[in-house]
Amino acid sequence: MLQIDSLTKRFGSATAVDKVTVKVDRPIMIGIIGASGAGKSTLLRMLNLLERPTEGVITFEGRQVSGLTGRAARGWQAECAMIFQQFNLVPRMDVVSNVLHGTLYRAGTLRALTAMWPDADIRRAIDILARLGIEEQAAKRAEALSGGQQQRVAIARALMQNPKIILADEPIASLDPMNAQIVMQALRTIHEEDGRTVICNLHTLDTARRYCDRVIGMKQGRVVFDGTPEQLTTGVARDIYGADASFSEDATSTEIRDTTADAIREAKAAV
Amino acid sequence: MTDTTAAFTTARAGLRRSQLWIFGVPALVLAYLVYVFFAFDTPRVLAEADGENGAILLADMVSYKVHVTRDNGSGDVEYAIEGERKGRYPAGESPGWVTPATAPAGETLIDLGDSHLVRLFGEGGLRYDVPGYGVIEAKASRSGGVEASYPDGPLPDWINASGNRVAITTDAGRVNITRARTEVMRYFPGWELFFFTLDSPYSGLSFGQLAAAAFGGEAGAIWSDFWNNDMWRHKEVVWAIFETILMAFIGTAGAALIALPTAFLAARNFAPLGIFRQATRRLYDFLRGVDGLIWTVILSRAYGPGPLTGALAIMFTDTGTFGKLFSEALENVDEKQIEGVRSTGAGPLARARYGVIPQIVPVLLSQVLYYLESNTRSATVIGAITGGGIGLLLTQAIITQKDWEEVTYYIILIVLMVFLMDALSGWLRRRLISGGGATD
Amino acid sequence: QELDEFNIGVLGGENAQDRMTANQCLADYASEALGVPVNIFTPADYNGVIQGLLGGTLDMAWLGASSYAAIYLQDPEAVTPVLVKTNLDGSFSYHSIGFARADSGITSLEDMEGKVFGFGDPNSTSGYLIPSVEIPQSGESITMEPGEYFEDVVFTGGHEQTIVAVNNGDVDGGVTWADGLGNWEDGYNSGALRKASDAGIVDMNDLVEIWRSKPIPEGPVVLRTALPEDVQATMVELVETLHETDPDCAYGVAAGETAGFQPISHEAYETIVEVRQREIGG
Amino acid sequence: MTTATIHDSYLAEVRTRRLWSSVAALLFVLLFLGGFMIADERNAGGFWPGIPHILDFPADVLAEASEQWRSLPGLIAEAFPALIETVNIAGASTLIGGLAGAVIALLVTRGLAPAPWAVAPLRRLLDILRALPELVIALVLIFVLGGGPIPAMIAIALHTVGALGKLFSEVAENASLRPVEGLRSVGATWSQRMMLGILPQVAPNWLSYALLRFEINIRASAILGFVGAGGIGYDLRNAMSFGPGKFAEAAAIFVLLFATIVIVDQTGSALRNRLTKGAAT
Amino acid sequence: MLQIDSLTKRFGSATAVDKVTVKVDRPIMIGIIGASGAGKSTLLRMLNLLERPTEGVITFEGRQVSGLTGRAARGWQAECAMIFQQFNLVPRMDVVSNVLHGTLYRAGTLRALTAMWPDADIRRAIDILARLGIEEQAAKRAEALSGGQQQRVAIARALMQNPKIILADEPIASLDPMNAQIVMQALRTIHEEDGRTVICNLHTLDTARRYCDRVIGMKQGRVVFDGTPEQLTTGVARDIYGADASFSEDATSTEIRDTTADAIREAKAAV
């Protein structure tokens, strides 16, 4: 389905992503882990064509997407939605508008600029927001929302694109543990219910283990691990993070145990 | 799912509201522009816009013409660049494309290029061979006016003929025949005589030859011939630029020097007496509200024409501007620093010097330097009315419509001058404000 | 009081630089004769020179008759007329010429009804004062009030601008000055039309004369009244004899071939002063 | 470092600093006084002799205006249409210049420019537009288009493009790129990214700068009237040139123009304060 | 030596300082404590003539200073230096210049305005800085220094005045514990070595106890305690702060125990 072939990205003399080859043959949820600077973001950004690869090829369902430009490139971007660590919403616009931006590729420029969204789209946007439990916020400005809510708006925008693939670049890095849970659960549910492929950069091992079907470890631009969560032992993790003996998983954990359990249950119910 | 209906309704209402802006603002803008379009009578102006003038202007900016003028009374022929006295060829000399008459009343052959040949005969006669059209013959006399004959067919629009005057304009040049004079003009690209006038020995020399002459000890003479060039008058132009910058500098610096102490009177925290403060502020408003140009007119009675008048006008307006800016800066100063200085037993002047000035210096300098640059432009405009300087040269050159290449020359110099002042003020700003300490 | 410099104001009509150059020789002679620095000023408009003379910052100028009247009306003591330019034929007058584009079909003031009329500078004699008085006299219904006989009456700013405005069709007709001697197609022997025609700005074939004023007296050379007697005398003699001592210089100062300058006094301008007072007030 | 070396190095530093400060101060004083003397020298009237006469001209105007104070309201009403024209010139040129400036600003802002190769030439273009005084452009345009408000409007608009283009681009440079990237990831075009991602962020500051420009442009358009384009400046100049007899008219026009400038100034700065403060919160 | 007689300050209807009478007959170090709004700052500001008393008299060595105006008032200000919580330095000027401001009362107007300080004064300023251990910072701008360093610059400016009395208004309130120690120790050393009177507003009991010879407690503008640190029991403190039973000294403590002991020792050595 999705095939990444020795994808490389160099910034000047520095190599951010180094001959990465990954094959995804059915919709699964993939977690990418690695230390800061390992190249996770760059890889995802190349998949979304936000960054042009220096070398290598990305193919999706037999079609080469890495070389696309202009409208074709934007078409591919519409098919593989991206979720960012900082949400990247338009803060001064309301939530529905932000979600409706997911239809920008299809909508004509005029329609987008004049906010002449079809009622059907608005209805769908609200439904998606409802699915994520934030339909009440629909008319508020995005900047008025909490971080966790904003990230769910970003997910809603992604869903609005009706994408085959959802890319998420450390979607929970700037969230508190409770909101992190809600967001990860939402992504998982989307994967399970809609059958969309989700590729998710994560900076914590336990999150990757808990939500992903497959984990890819990166180090200095290269893929150094690719397997199931079970195969991801502490030893392997040490390799990936290049950590010395003092490496402790807890240091990176975002797991919540007692206090917020109720909240999580609620959130799951909502999604 | 009843919830989502409510959410849908509010969301859609919100979108509709935002559309009020999205459509309303552009509609208002458009409506206003349409109103202005008709209020300014744009259709008529566009219809009457003289493309030809534009073309003349563009052509004249980058080209010059050489006049061959015959006095139809005496039969004397003169050659002059731009038809000006100062561009006249010395007696006995003529441009290479003219074959002067060998005998009085003989034939003068003028080659306008591209096979356009004009012949001047005795007794006011002229014959112009226009390739692709035919031969035009004309004869000018006191009694008969200008009698001309043209090839058959209707008169083309590039010939403008009346009983006493015939004007022919072709791609190669222009011919004007009246009873008194016959003039033939040929156009050349470039700014002729920019460096040296025809009477200079250096006129027409190549760069290499000039360099050689300069090394041969003639550098001073070369410079003097260039500097005192009668056509382009580089010396006066440079003086004019200098005068313009002078007006801007004195106006800006003087305004800052006046505004700095007086701004204390207009700042709430330094002038507790309301009447004084209000009076000072209103005075600033007045000085600022009357534009520099109007100050120039007002001051011209007391000071007459000249750069001082312009400088004072700038000083008047900018004292108002700076006074307002400085007093606002003063109202925003941090009291803690002043109190610190005050607690040592420092007097009021020392408190101002150490407690206040260091705080407002960055604002002050950056504003003053910004205005220095913008006042260079104002000084150009003010000079156009009274002051003098490059603005006067420019407006006069444009109004009297003589030489657009001079206008171009002045415009280029003005742009360079403003660039220079912009760079200078930027450089000073960076040095003085980030480098700080030195002036504190 | 002690004279420490002598300032000459030169009216518009030419490029500022050209005006400077044309009058530089006079400044040199004056400097030699007076023993003080002599400066030339070329303000952009008539008012610049008027204000300079009124304020006493200019000591000498060659004015138009109306400008002289303007000064006289504000302060009769400010300046004294001393000399006037004489034409080659011995006269010292010129004309205000009304003109229009030939292809507009306008050939007389009657055709100008409902059209836009252009004056030059408000302080110009031939470009405003005289035509504003004489034109209404030439027809029953003609007034100078905008919107009455003419659709609009505008000031273009100067003689050159009027010529360009008429030529471009911005105004339908306008007035400017000429000596009225010689041929129309040359723009007459001297005047603003001649200059514009010589410069190639207009083709005289495209223009027609639609009106001509009675002769207008040339404006006087004036000196500031407060100047010391001897300074006044020196300057009068210098300008009066300039034609003999340096014909080239005289050509430049008088802006063309003339028969030199002749003495004149205020009486010659009393009519103009009256007219101006009636028309403009003061 | 011992205290002794600190003494010496600091004293040395103080000395060089003092030297430079005195050199700079001296240079400034010399430039200022020298420049002042040159200007005084080259002026027709001297600075000191002129001081007692500064009010002569305004006094003449006021004397006549107060004599004829009854006619002032009528004269003001008469000048009103010209004022409207002046304001319209400023309004239209600010709008047109601001719109063009906004587009160019986006084209030359680092991180937003769709065609990086066009950034440098466009920036130079803005510089040149900014450097050219309106007067220069207006006079050239009057030659081509004839007198009236349009040349003035175009001239001011061109200058406005240069001035606002630069300021707008400075504001846009500080805008967050996150919304833009978010929009890019959904496949939005450049214009969509700008309109939806940048415009909402920069609108308050842009508007505030445009208002300031409008204030400046009102003056500019009055001034251009002074040199031949229409509007109230033309009337004022003629009235002033006529001198006695028209001084009441001059005073009326002056009052009208001054009041307009002050009103626009005051409301403008109040509006701007609200806009920028509102943006901050 | 210093005598304060029923000093009162009213701001409108509010009485900030209420008939305070204090007698100091030899140079000692006095701590003034009290809850926020008790009038401590106002009292000190009146002593420095930054605030005019509504009633009452301040006498110093037989001379009444509270009524002074003009140059005489400034002379008294020069004699009683003031140190502020927020340092109140001129941040854009260098450290030595700030210290030299301490000579502004003595310097002639011209000298003061042109900053032509005598070399001897500059040397003395640097020596004072050296005494406080910050001579290395002499040429830096004040704003480039840390809070603790800035407060020492403020003390140096005070010393430059060569005052009989040093008033310090919560000099350590905006400093971290380590810097607080250094600054208080510096004030103590100055008192001990130079024999200057130091009056110091403090907001923590233990600091007052540790460094002062005499403690004055204020409450609602009145002096409610005046005695030795030993007499300052927890009960008395409760009275001063008007605290209820839950009052705990630790809550206001800035004492540092283990970690920074070395640093403090160093700092003491430096002073």
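Going by the order they are written in, the chains are A, B, C, D and E; count residues from 1 in each one.
In this section, a residue touches a chain if its C-beta (ideal position, glycine included) is under 8 Å from a C-beta of that chain, and two chains touch if they have at least 3 such contacts.
Model, not experiment: these values are computed from the prediction.
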item	value
Intersection of the contact lists for chain C and chain D	B
Shortest chain-hopping distance from chain B out to chain C	1
Chain A on chain E, rotation in degrees - Cα superposition, rounded to nearest 5	170
Chain whose averaged C-alpha position falls nearest the assembly-wide average	D
Comparison of B-D and D-E (more C-beta pairs in contact)	B-D
Greatest separation from chain A - chain, by CA centre	C
Mean-CA-position distance for chain D and chain A (Å)	48
Separation of chain A from chain B, taking each centre as the mean of its C-alpha atoms, in whole Å	58
Centroid spacing, where centroids are CA-atom means, of chain A and chain E in whole angstrom	57
Computed distance of Cα centres, chain E from chain B, in Å	64
Where chain A touches two or more other chains, by residue	113
Sites on chain D at which at least two other chains make contact	42-45, 50, 53, 56-57, 143, 146, 148, 227, 240
For chain C, residues contacting two or more additional chains	7, 9, 41, 45, 47, 51-52, 55, 57-58, 157, 161, 164, 168-170
Touch relationships between chains, expressed as pairs	A-B, A-D, B-C, B-D, B-E, C-D, D-E
Complex interface listing, chain B residues touching chain E	336-337, 339-347, 349-350, 353-355, 358-359, 361, 436-437, 440
Chain C - residues contacting chain D, complex	7, 9, 39, 41, 45-47, 50-52, 55-58, 70, 73-74, 121-123, 154-157, 161, 164-165, 168-170, 277, 280-282
Interfacial residue positions of chain D with respect to chain A in the complex	176, 178-179, 181-189, 191-192, 195-197, 200-201
Complex interface listing, chain A residues touching chain B	94-97, 113-117, 119, 122-123, 125-127, 129-130, 135-136, 138-139
List of chain A residues in touch with chain D within their complex	48, 50, 73-78, 81-82, 84, 86-93, 101-102, 104-105, 109, 112-113, 154, 157, 161
